[in-house]
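Two complexes follow with chain A in common, the first pairing it with chain B and the second with chain C.
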Partner chain A sequence: MPEYIVEENALKDFLQSISKGRVLLSPQGVGDKCQITETTPDKVTLNFTNTHISPKTLFFPQTEWLMSFQKDHSKPHPYVYQDLGDKAKSAVVFGIRPCDAKGLSVSNKVFQNDRFTDPYWKGKYESVIKVGLACKDPFPQCFCVAMGGSPYGATGLDVLAFPSEKGLGLKPITDEGAKLLAEANLKEADLSSELKSQEEAAIKAQGIPDDYSPIDHRGLLNLFQDPQWQSIAENCLNCGVCTFICPTCHCFDIQDEENSEGGVRMRNWDTCMSWLFTVHGTGHNPRPSKTERVRQRFMHKLKYIPMKQNGDRGCTGCGRCVVLCPVNIDIRSVALRMSTLNMQKQA
Partner chain B sequence: MPSLEETTQKIRETAKKALADGKAEVVIGYKKGTYPLSTAPFFARTPEDCDQLIWSNFARINLANYLPGRPGKVAVVAKGCDARSIVGQVAENQFHKDNLYVIGVPCTGMVDNNLIAAKEQRPYRDYSETLDTITLKGADFSTEIKKEEVLRRNCRTCANRTPKTADELVGPEVPGAQADDFADLKELHSKSPEERMEYFKDLIKDCLRCYACRNACPLCYCPVCFVDETRPQWLGKSTDPMDTLTFHLLRGLHCAGRCTSCGACETACPVNIKVREFNRITEETVMDEWGYEAGLSWEQKPPLTVFQPDDEASFIK
Partner chain C sequence: MFNPYLPYPVRIAEIRVETEDKNLRTFKFEFLDPDDENKFAYMPGQFAELSVPGQGEIPIGIASSPSEKGHVLFTVNRVGQVSSYMHNMKKDDIMGIRGPLGHPYPLDTLQGKNLLIIAGGFAVTTLRSTIIWLLEPENRPNYGKITFVYGARTPGLLLYKDEWMAWDKRDDIDVFVTIDREVPDWNYRVGFVPAVTKEVCPAPENTAALICGPPIMIKFTQPVLEEAGYTPDSIIMSLENRMKCGLGICGRCNVGPEYVCKDGPVFTLAQLNQLPKEY
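Moving on, here comes the complex of A and B:
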C-alpha cells in the first residue's frame, strides 16, 4: 500500500475529509486534562505528549449502563431487563499513540475472542477508525520498546500518521485505513525510507531497553511463589491508580441499581488492587493481603496475558503508572526483578 | 539550615542507631525514586539498607500510613505533619507508642509536581535538587526553579514544620508559617449553599473513584471503608456525581479534628483533585469550636472522642 502526504496547511482539509459523516475524536487539553474527546478539525493539535489517562474510556467507559427494567405492571415486560442498546457512533480517532492502540488491541482480545463477544465493547471498538500518531521524540516515561512495541508501532491501528519533512505522513495499515485514505484524495508519496529512519532514531532515543524476556521462560509457579512479592507489596497502598489509568486493564464489576420505578444493570471499572475485587460471598478472600493483589497485577500483565495472547504483554510501556503511582512502584523495576531472579536461578 | 545531603546523612546515622539499639526492627523512610521528582517509601532493616535512605523535596507521602496494624518495633521518618498524624494514630489506639521511634525531620516544605509542570513543559530525564532549588535537565536545556515558588499549598501555610513530638530531631527547628487563618476558605464561605454544591461537584468531576486519596491517608485505616461495604451497600459504585460527592463529603467528615494537612491525599490523586478542600472546612470548624489542632502533643485529646458532663450542648446530656 502506498504512503500519503498531507502538507501542513492541508491538515484541516484532511481531517474534514476523514470525519465526513463520522464523529472526529482527538486529544484535547493539556497536562492532566488532556483527553481524547469529540472535536472539530480546526482544534486538532499534534502537540501533546499523551492523554493523561488511557483512551480506553472510548470503548470501555468507567460506568456503562447495559440494561434496564421497570416495575410498573401496567407497562409491557415489567421486571424484565431490556437492552439499553448500542450507543456506538461511527467515528474516527486521530492521534491515538501506538502504545495505547496496542494496549487496546490486547483488551480487544479479551472482549472478543473465540469464546465470547462483548457487544458493548465490540460495537464501539469496531465503529471507530483508528489513526495513530507516531512518537518521533519519545517522552521520559516511555518504555514501549522494552515491552516489545515501537514508537512507530502499528498494532491496533488502521492508519499510522507521523511527522514527515514534507508535512504529515500517512501509512495505511488495514484495508479500512487504506479505504479512508484513498477517499481523502491525498498526494501519494514514497515515505518508507523516511519512516524507517525515523523509527530507528525514536527507538534509539529510548536507550538500551531492559530485557524482560526471561519472564517468558520462567515457570509460572516459580514466579508465583517467589518470596519477593512481599517486599514489592510492602510499599503498595492498594489504591487503584495504576489500574484505572492503564490502557490494558479491563476488569469490571457488574452492579444493579434500582429505585421505586425500576433499575439499571451497569458495569463499572474495578481494580484487582482492592480486597473487594475477590472477596467471596462466604467472606473468604483468595487474595487476602496486598502481596497477593500486587502479584496479581504484575503476573497478569507480564505472565498470564502473554501466555494467552501469543507472547503479547499486558503492558505496552505507556508509562502512566510509573508517573502516577503515589509510592513509585515502577513496573519496569518489577519486570526487571521478575526477569533477573530467573537469570539467577538459571545460572 | 542543613543541606539535603546533611539531613540525609543524619537520617542514615539515626536509622542505623535505632536498629542497633533495638529501638526498631525496621526504619520506614524515603529512598530515591525511579522517575524524576519522585521518592519511594523504603523499609530499611539492615545498616546497608539504611544507606539508601534519603531526604528530598519530594518526600511527600505520609509514612505514618504504614503504621496501623504493623507488628513489632518501628522507627519512622516524619515531617511535622506526619508526626502529628502519628500522635493521632496513637491517641486512636492504632499503634502503640512503646513500639514507636519517631525520627523527626524539620521540614521546609515539599514540592508540588504540577506546579513544576506548569513552569517547564519540555521533557526532562534528569534533575537535581537542593534545599531551595530544583534543576530540571533536558536534552538541550537546564531550568532552575526556586522551591518557594512550587511548594504544595498545604506546605505554604504550614505552621508546624518541626515535628515536636519526635523522639529525635535530625536538624535544628525551623519556624513555621504564621498561624493558619484559613484565608483559602474565605471565598467558599461567601457562597450560598447552592453555589457551594456546584463548587464541590465541579471540584470532583474528574474523580475516578480509585480511592488513592483514602489509601494514602494515615487517618483512613478502617478495616472496611464505608464505600466498600456490601451488606448493606451504602454507596453506588458508578461515576454518578452524587455517589462520588458522598464519598468525598463523608471522608472529609470522618477526618474532622484529625486531619493534619499533610497533603498525602492531593499528592496521591491521579487527576489533581483538591481533595484537601473537604478536610480544610472541618479543620476550620474544629478550630473555631474547640480551638483544637490535631496531633500537636501526646496529652491532648481529640475533641470528637471525648465526653464532658458539663458539655454545653443539650443533645448530649
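Moving on, here comes the complex of A and C:
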C-alpha cells in the first residue's frame, strides 16, 4: 500500500474529509492536561505529548449503563432487564499514540475472548477508525521499545500518521485505513525510507532498552512465589491510580441502582488494588494484603497476559503509572527485578 | 448481537427451605420465554449468575440436571445483599438468570470410569446435578461403579434429603452420608468426610474423583485420595472466587492466568498444581 502526504496547510481539509459523516475525536487540552474528546478539524493539534488518561474511555467509559428495568406491572416486561445498547457512534480518532493503540488491542482480546464477546466494547471499538500519531521524539517517561513496541508501532491502528519533511505522512495499515485515505483524495508519496529512518532514530532515542525477556522464561510459580514481592509492595498505598490511567487495565465492577419506578445495571471501573475486589461472601480473601494485590497487577501485565496473548505484554510502556504513582513505584524496575533469575540476590 | 450480560427473565415457581437453620433455600425457576430454556443448554458443573433487578447478581452452581426439563434449580445460601434479598422473595416473583457459565465436569471423557463423588456441606449442588444426570437410564450404562460420599455437620444441614435417601436404596450407586457427631435416630454414618472417604473409596485404577466442598474438607480429603493412589489428573475439583461478569473480562476471579469463571470452575488437581493458590 502506498503512503500519502498531507501538506501542512491542508491538514484541516484532510480532517474534514475523513470526518465526513463521522464524529472526529482528537486530543484536546483540558486545563493543563489533554484528553481525547469530540472536536472539530480546526481545533486539532499535533502539539501534545500524550493524553492524561489512556483513550480506553472511548470504548470503555468509567461508568456505563448496560441495561434498565421498570417496576410498573401495568406496563410491558416489569422487572425484566432491557438492553440499553452499546451507544456506538461511527467515528474517527486522530492522534492516538502507538502505545495506547497497542494497549487497547490487548484489552480487545480480553473483551472479545475465546468464549465470549462483550457487545458494549465491541460496538464502540469497531466503529472507530484509529489514526495513530507516531512519536518522533520520545517523552521522558516513554519505554515502549523495552516492552516490545515501537514509537512508530502500528498494532491496533488503521492508519499511522507521522511528521514528514513535506507535511504529515500517512501510512495505511488496515484495509479500512486504506479505504479512508483513498477516499480523502490525497497526494501519494513514497515515504517508506523516511519512515524507516525516523523510526530507527526514535527507537535509538529511547536508549538501550531493558531486557525483560527472562520473565517469559521464568516459571509461573517461581515468579509468583518469589519473596521479593513483599519489598516491591512495601511502599504501595493501594490507591489504584496506576489502574485508572493504564491503557490495558480493563477490570470493572457491576452494580445495580434502583428507585421506586425502576433501575439500571451499570459497570464502573474497578481496581485490583482494592481489598473488596476479591473478598468472598464468607470473608475469605484470596488476595488479603497489598503484597498479593501488587503482585497481581504486575504478574497480570507481565506474565499472565503474555501467557494468554502469544507473548504480547499487558504493559506497552506509555509511562503514565510511572509519572503518577504517588510513591514512585516504577514498573520498569519491577520488571527488571522480575527478570532477575533470583530476585532474592538482588535485594 | 448476543448479549451475554442480559439475563433471561424467569419466574420463581417454587421455594423450598433446605436446612434447619433456614439459611439455604432451593429456588425452582421457570423461563418466561420457553425458547430461553433451549438457549440455556447446560451440563452438570456449570453455573449461572442469578440476577435480581435493582439488587445485583450472584454466581451460583446449577443444582438441576439438564435431564430435568421445564425448570432449573439453584440452592442459595444467605450471605450477602443479593442472596439475602432472594431469601425474602416469593413464589411468582420475576428475576433473571444469566448463563450457563464456566465449564462442566468432564463427564464425556470420564465415560467407562468409576466415579467417586465427594461433597461437603452445601457445595453438593452441582454434584446433585451430576448424580441425577448419571443415573438417567441412557447415561448410567456408560459409567462404572459410582460412589457418593456426602457430609455435613448435622442431619439438619444436609440438602436434598429425599433424593439421597432414594439413591441409597438403589443398587447402581453406593451412598455414604455422614454427619460430624452422633445424634439420636441417625441411621447413616458418623465421622468427617476424609475419614469416610478413606474407608470407602474405590481402588484408584480407572477411577476419577469429583470433589466439591469447603476448603477445610478439601485440604484433608486430598491427601487421603493421594495416599490411596489417585493421580492428580484423576482428582477433579470445582473452585469458587468472587465474580462479577462471569465471562473472563472483569478481572477479579483469576487464579494466575486462568479465570475461574471462564476457564473453570472445574479444574483437575494436576492443573491446580501448576497454578498459584489464589482461591
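Definition applied: the second predicted complex is superposed on the first by the 337 of 347 C-alpha atoms of A that agree within 3 Å, B and C clash if a C-alpha of one lies under 4 Å from a C-alpha of the other, contacts with A are read in each partner's own complex, and residues count from 1 in each chain.
The definition used in the following text is that a residue touches a chain if its C-beta (ideal position, glycine included) is under 8 Å from a C-beta of that chain, and two chains touch if they have at least 3 such contacts.
Please read all numbers here as calculations on a predicted model, not as lab measurements.
After alignment on the shared chain A, the placement of chain B and chain C results in a side-by-side fit free of clashes. The superposition places the C-alpha centres of chain B and chain C at an angle of 90 degrees about the C-alpha centre of chain A, rounded in steps of 10.
Once chain A of one complex is fitted onto chain A of the other, the partner contacts of A:G153 are absent, as it touches neither chain B nor chain C. Judged by the touch definition given at the top, the superposed model places A:F224 against chain C, while chain B stays out of reach.
Once the two complexes are overlaid on the shared chain, A:V327 sits against chain B while remaining clear of chain C.
By the touch criterion stated above, A:G169 is placed in contact with neither chain B nor chain C. Touched residues of chain A, counted separately for chain B and chain C, are more numerous for C.
When both complexes are overlaid on chain A, the residue A:Q255 reaches chain B and chain C alike. Closest contact between chain B and chain C, by C-alpha atoms in the overlaid model: 7 Å.
Contacts of chain A with chain B, set against its contacts with chain C after fitting on chain A, overlap at residues 253, 255, 257. Listing the residues of chain B that touch chain A in their complex gives 33-36, 38-43, 61, 65, 114, 117-118, 123-125, 206, 208-212, 214-216, 228, 230, 236-240, 264, 267-268, 270-272.
Residues of chain C that touch chain A in their complex: 1-7, 9, 32, 51-57, 77, 79-80, 83, 93-96, 215, 240-242, 244-245, 247-257, 262, 274-276, 278-279. Residues 66-67, 69, 77-81, 83, 110-111, 113, 115-120, 122-123, 220-221, 224-225, 250-258, 262-263, 265, 267, 270, 272, 277-282, 284, 286-287, 292, 296, 299-300, 303-305, 307-308 of chain A are the ones touching chain C in the complex.
Only residues 31-32, 49, 52-53, 62-63, 137, 139-141, 231, 234-235, 237-241, 243-245, 253, 255, 257, 266, 268-269, 271, 274-276, 322-324, 326-330, 332-333 of chain A touch chain B when the two sit together in their complex.
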